[in-house]
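Have a look at these structures, which come just after this line.
Below, subunit A partners subunit B and then partners subunit C, in two separate complexes.
What follows is the complex of A and B.
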């Protein structure tokens, strides 16, 4: 049976980080919100930190991904190689196609 | 707590920490001795554990592939207990250089590298290394060629990271211990690369 903790993305999938600004303890850095990247690996499922910070159980656990972004897409006027990347951990509920 | 060498009243959070600690001791949840022992153990942990893993990986390609597949398990193989640590090891190659940061706070594999340096927790490092990594690396004395890809890893959630640097040239036949001694804390964070001690060149006529 499929559970809410199953990953819906696979390595190589192109994803975009939601551009949202909820209050509270959020582990999606501001600089990466709204940017598109490629799933580098699936890390497993972990209790949602936004829920844990509210003293709740954080379940169902959220699949966690490492997403690879091109630096020149993330920072306007990036000085460095066009191949340079930044890899950020993003929970599934922060990703969209 | 940072020691500044002069008297300062407790900050809000320091006071909260002391109050909580005293309450836990008073209520018998833990003892002062247990707290002191845990702090001593924390201070005793240093980057030698990470360096030992790197040296083993340089000598044993099969261990290296296991380490890249599952860093925590590879730490356990060398007898390092790392409960709760989800370690990802990223490998430097002639094509790619890796560097680690936690932009949100100071996440760091303390079980293997010890207490993080102050600069790792500083706002300038955290905010700059993600957007101008080459400049920050150069400030650490690490110049990365333009054709080498830089990979910045933001340790912003549940994973922790360690860099597997490249084995320095001129170390053929070196023992595991001698190799491990070339691997500093900064090499494992990715702001430096292993270097051999420089000997004065012998003067030949």
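What follows is the complex of A and C.
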């Protein structure tokens, strides 16, 4: 049976981080918002920390992904290798196609 | 509209990181232990989540956030969390703080011994 905690993305999928700036407690770092990357792995599903921070149960659990970005895409004027990557763990509701 | 929250400083210019170990003060160890207990680590009742701790740290005024050390932020934040959860009231905290401030220091302190408070 399909549940709300099933991942909708798979390793290799291209995703973009939502460019949002809500109030409340947010785990998606500012520097990665709006950037495109590739799903490296599905980490599992966990209670949503945005809800846990407000004394609620955070259910249904949100799928969490490790997403890989190119350093040169993230940092303007990046001087390292063009192959360098940064991986950030991001919850599903922060990702779009 | 708040774009980047003050605490969310990943990627900002920060200068060189000083890499050195340091000893912890007793009060810092106590705060650490208190956090473990309040989080139910070790099997006790869980009275808060790490996400509430983070939320309340992130709510610190930027100037205070910058001045404070790691455990300063923890102690402020877990106190806020206990008030929000109704474990203690603001009034109880205020009265206790006043009581501690006015505590009469005994002869034993003057001679260099520490007397454990309640």
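Observations on the model:
The rule is short, and it goes like this: the second predicted complex is superposed on the first by the 97 of 97 C-alpha atoms of A that agree within 3 Å, B and C clash if a C-alpha of one lies under 4 Å from a C-alpha of the other, contacts with A are read in each partner's own complex, and residues count from 1 in each chain.
In this text, a residue touches a chain if its C-beta (ideal position, glycine included) is under 8 Å from a C-beta of that chain, and two chains touch if they have at least 3 such contacts.
These numbers were taken from a predicted model, which means no experiment stands behind them.
More residues of subunit A lie in contact with B than with the other chain of the pair subunit B and subunit C.
In the superposition on chain A, A:61 makes contact with neither subunit B nor subunit C. Using the contact criterion defined above for the overlaid structures, shared-chain residue A:84 touches subunit B, although it does not reach subunit C. When both complexes are overlaid on chain A, the residue A:23 reaches subunit C alone and has no touch with subunit B.
Contacts of A:49 after superposition: both subunit B and subunit C are touched. By the touch criterion defined above, A:38 reaches neither subunit B nor subunit C.
Overlap of the subunit B and subunit C contact sets on subunit A: residues 29, 31, 49, 74-75.
The residues of subunit C lying in touch with subunit A in their complex are 1-5, 8, 10-11, 49, 51-52, 54-55, 58, 84-85.
Taken in their complex, subunit B has these residues touching subunit A: 86, 88, 103-104, 130-135, 146-159. Chain contact summary for the complex, subunit A toward subunit C: residues 21, 23-26, 29-31, 49-50, 52-55, 74-75.
The residues of subunit A lying in touch with subunit B in their complex are 27-29, 31-32, 43-44, 46, 49, 64, 66, 71, 74-75, 78-81, 83-91.
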